[in-house]
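Below are two complexes that have chain A in common, paired first with chain B and then with chain C.
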Partner chain A sequence: MQPVERRWQDRYLPYLIILPALVLTIGILYPFILAVVYSLTDYRLVSPVRHFIGLTNYLDSFRDISFWSSLGVTLLYAALTIMIEVPLGLGVAMLLNHEIRGMRAFRFILIIPLMMPPVIAALMWKMIMAENGILNYFIGLIGAAPVPWLAHTYSLLSIVLIDVWLYTPFCAIILLAGLQSLPKEPYESALVDRAPGFFIFRRLTLPMLKPFLILAILFRTIDSLRMFDLVYATTKGSHSTMLMQVSAYYEAFRWYNMGKSLSHMIIIWIVIFIVSRMLVSWWNRAMQRATGTER
Partner chain B sequence: MHLTPPRDYEEYYQFAKAMTREVDGRQVHGVTARGIGTWSTIATGFLTGFSSYGCRDFDDQMNCTINSPKAVEFTELWVKGLKECGPLAWTSNSWYDTKEQFESGQYGMWLTVDFFAVGFENPAKSRIAGKVGYTLAPAGPDGTIRSNIWTWALAINRFSQKKLASWLFIQWATSKEQLMTAAMAGNWNPSRQSVWNDPRVASITKDWDNYRDVVSENLQNYARVCFTPQSEVPAIGDRWARALQEIWSGTEAQVALDRAAADIDRIIEKSGMKSLTQ
Partner chain C sequence: MMKRSRYSTPKHRTLIWLALAGYAVFALFPLIWVVMMSFKSHIDIVSPVPKFIFTPSIENYRAILFGGQSVQYEAGQTDFLLYFRNSCIITISAVLLSLLAGVPAAYALARYRFRFKDDIAFTFLSFRFAPEVAVIIPIYILYQRLHLYNTYVGLIFVYQLITLPLIVWIVRGYFEDISVEIEQAAKLDGYSWWGVFTKIALPLVKPGLASTAVLAFIFAWNNFIFGLILGSSDTYPSTVGTLGFISYESVLWGQMAAATVITILPPLILAIFIQKYLVRGLTMGAIRG
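Up next is the complex of A and B:
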């Protein structure tokens, strides 16, 4: 027969151990469920009265051309940032993977943008891109006319540029960690066989680095689809930079339509969830292939 | 150098064109205005010009009229001025960008709020201190000036459970003593006549060209709230400002304003305000 103390431990200890995780899960789920519930109401910040209106907020959004434009701009923004940041991050990571003199200093410099709050980075770039800013000064040196960086269709590309400056180091760090964890033997064999550099990159590095590339794409996809601060600090969301997060902000805090704003947020959450699930399953397959556990 | 101020909006545009040039190797633009896609872009100079031109945001049945022929004509003229003689990236110009750029001497004219003068005339921060002239807004085609007042208001929510505390706070915040202290500390909102007429406040503005006379005349004769009173001003103003951005970026004025008017009608319909007029 077990002592009373032991039986108590066996019975309650597992629950006690998972309690912090449970509290954390509730902490995450409660606001989320609340957001879903509010998105089904006509909740306005200027009125304490709210009614259940079913899917009206969602249907209103689907009928609104500015919603589709905002969704399109958001997807375009995410696609552009990922298409630039991941290859650029890979290039930087490959350069930093060489053990040469001064490389530690370069690695430190690389992470400086990451330490900067995005709003500060955006305001700094807003000054750089101003009409009399340094960017137009350099353009003027070659005799070209100043560019309206933060207007017209330029504005989206300019914000993508700021994003690239800010987050390419993030991709580079993930990919550098990946490069440094790759086994040395396949490279030694390739060198013995005198395989060309591009062949080694294409047939060895890229396949082995695939899980890390997917990881970088995954993180940057989620972040880009949720982008708010860079846009709001630079253009306040002009018609060509009205990302979903910014439009939700306007809907909630300028027009007081909390219910409708939350419906936008839930829609973008669904997009992020679907894209993330696809990337995670791609990452799982890549990991199984890389570790030889593929079924 | 003293210039004759523009009498109407056609002259305003012509003056802006004439002032757009290089001065000492620096590009000076003839005119500026706020340009971000929020109602503040509408509420300042634009709405003054729009109203003076004889246009209204709504008719008596609360139908949006920002796309009427006259409104389109004025909007085209306003945006043309900014496009040809204004900031390069006008659509990203917030009030503080515009104010800083104006204070650095990048623009010739700015039809804006009078209290910004405290920044223009601060020699520690402004390159144009002591060089700014003040004048009334240009008149519309019939010679009328309708100058929009940008009001800040303190209100008590009818659902508040502490109405007395709110009322006491409002009394304190708008008292002569509080406004006097604020004005003397550089928070330039001497909105009580007793504060505006106080010799200490008057002495602050004594070197600001004709500022005092112009502001007094404007408040006495022309200032009014030009938005139709309704509760959706932020949403409607933001949508309207986006239409201006679209026009500046190349969309035809009639098309952009028709779309905005349709959206604004929807906002009004949804808010229930339309039924109040029937």
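Up next is the complex of A and C:
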């Protein structure tokens, strides 16, 4: 905007306009700061006194085998869901990027899981994955023994399956938007050159789609590392499905160890922050290359 | 992207259609099965051979909405209507509050240069990425002290974590899309910033604004953890209430299925209206489709 004469009200106007949102933000920010402060104490909900104990909670975590296992499960969960959802979503997006009969209906069906409360989606799958549920019935039809979907070794993979059902559409619609924004000319010349389909995919579609792929990975990483609802509604963290947020929830609201729980949350928060910073700078570079603003 | 001619043969089109139909079955099957379940009697639900054909009954819906004492169940859970109402109150108020505070903020972030602008914008965004438990624990402690625990006001405030970043970031993008010249022309005609904002800018972003509000509603509606921890049986939203059909003694499958169907109806119906704006909303405005 042109800097016209800047009177004092012009200078303070933006702050004034933003004030209500800022008040809310500070209201939200305050608990965030408390979270950091409490993580440095031995705060227990059941005892009125608390002491500043420095980094003890953090150092204890690093010596705690259950902390490492829950961090490991969380990272594994995020890796599995992303490695399935992004390629599958890309496949669906490429299928949807055609003008054929019924395409609008397909596109709407695709976003139905995405609009559902995750905890409700998990409940639906819990009903389906019940011991005598429909899924085991289908499996029995092909002669296999019933699978204890939400118990023992299968539980983490079952929750990954629910996550895939819920969030593959997220990747698909982002990547579909990406496919639809790609320029036509490279494809036209590739066709003239009679380039094989796989070559076009490797050398044209994938590189041009990179910013969209990174964005899908970014959002899915952040949400997978914070996953709570799906686990709480299905296994409640039993049988090797103790993701970080679930274990922190129990630490705080079953054992009342607020300080310890918060230290775990701050660690996962730092992990999320670092990973997303890396992905965002990667995305920025990809965007610059895509829009040709690179120097 | 152009349709490549080699994929336009009838054979290819049939293959694409079949693959998509396969995915559609995967996407829809759980939903269809649970809808069927909600109309089944308890005997049909627990039958060892799944019943695809059965006599539909609205008993489950009657039980959760009006508390009918059905023969097959020990008791009907009658609180569901309260939970549904709680969801409506909390979600709609949270979205309205976010609109009131967030839309002017989005306008300022889009139009003005001022100090700390990027920091303020980033703070809004960072709420979207924080693990919820990290912020819920201090809020839980504060709410106990301030007597906001288990109140609508407390929940509406904490729901700002979901609705405010969404509205500020996405609506800011819509304001940025309006050309500055239109607003400057209005300014030369003697409009104050308020006049420009309400008479020029707001009408221009109306469709985007409406769709963002709907999306914020959907995300707030779908939330579970805030209600679980900061609410109690008076203020639970219906996501938490639906989980209540699992008790230690038994699972009321039929009623839970009916509650599931009722809970997912509002977001699914609203989703029909915002399809065009969905990509932009889901990526916090990073993709301006």
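What we mean here is this: the second predicted complex is superposed on the first by the 272 of 295 C-alpha atoms of A that agree within 3 Å, B and C clash if a C-alpha of one lies under 4 Å from a C-alpha of the other, contacts with A are read in each partner's own complex, and residues count from 1 in each chain.
Methods note: contacts are C-beta pairs under 8 Å (C-beta built on N, C-alpha and C of every residue); 3 or more make two chains touch, one makes a residue touch a chain.
Here the structure is a predicted model, which means the values were calculated and not measured.
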Exercise for the section: Go through the superposed model and pick first if A:252 touches only chain B, second if only chain C, both, or neither. Expected result: second
Exercise for the section: Could you tell me if A:174 is touching chain B, chain C, both of them or neither one (first, second, both, neither)? Expected result: second
Exercise for the section: Could you say whether A:151 touches chain B, chain C, both of them, or neither, answering first, second, both or neither? Expected result: first
Exercise for the section: Could you tell me if A:38 is touching chain B, chain C, both of them or neither one (first, second, both, neither)? Expected result: second
Handout entry: Which of chain B and chain C A:132 touches, first, second, both or neither
Key = both
Practice task
Look at A:22 in the shared chain and tell me whether it touches chain B only, chain C only, both, or neither; answer first, second, both or neither.
Solution key: second
Exercise for the section: Have a look at where A:262 lands relative to chain B and chain C in the superposition and call it first, second, both or neither. Expected result: second
Problem - Superposed model, chain A: greater residue contact from chain B or chain C - result: C
Fill in the blank from the handout: Going through chain A, the residues touched by chain B and also by chain C turn out to be 132
Handout entry: Of chain C, residues touching chain A in the complex
Key = 1-7, 13, 16-17, 19-20, 23-24, 26-28, 30-31, 33-34, 37, 46, 48-50, 97, 100-102, 104-105, 107-109, 111-114, 117, 120, 123-124, 127, 129-135, 137-139, 141-142, 157, 160-161, 164, 168, 180, 184, 193, 218, 221-225, 228-229, 239, 242-243, 253, 256-257, 260, 263-264, 267-268, 270-272, 275, 278-279, 282-283, 286-287, 289
Practice task
Show which residues of chain A lie in contact with chain B when the two form their complex.
Solution key: 46, 48, 66, 126, 129-132, 146-152, 155, 234-240, 242, 250, 254-256
Handout entry: List of chain B residues in touch with chain A within their complex
Key = 26-27, 36-38, 87-92, 94, 106, 159, 231-232, 234-235, 238, 242, 245-246, 248-250, 263
Completion exercise
chain A contacts chain C in the complex at 1-2, 11, 13-15, 17-18, 20-25, 27-32, 34-35, 38, 45, 92, 95-102, 106-121, 123-125, 127-128, 132, 134, 137, 165, 169-170, 173-174, 176-182, 184, 187-188, 191, 197, 200, 212, 215, 219, 222, 225-226, 228-229, 232-233, 244-245, 248-249, 252-253, 258, 261-262, 265-266, 268-269, 272-273, 276
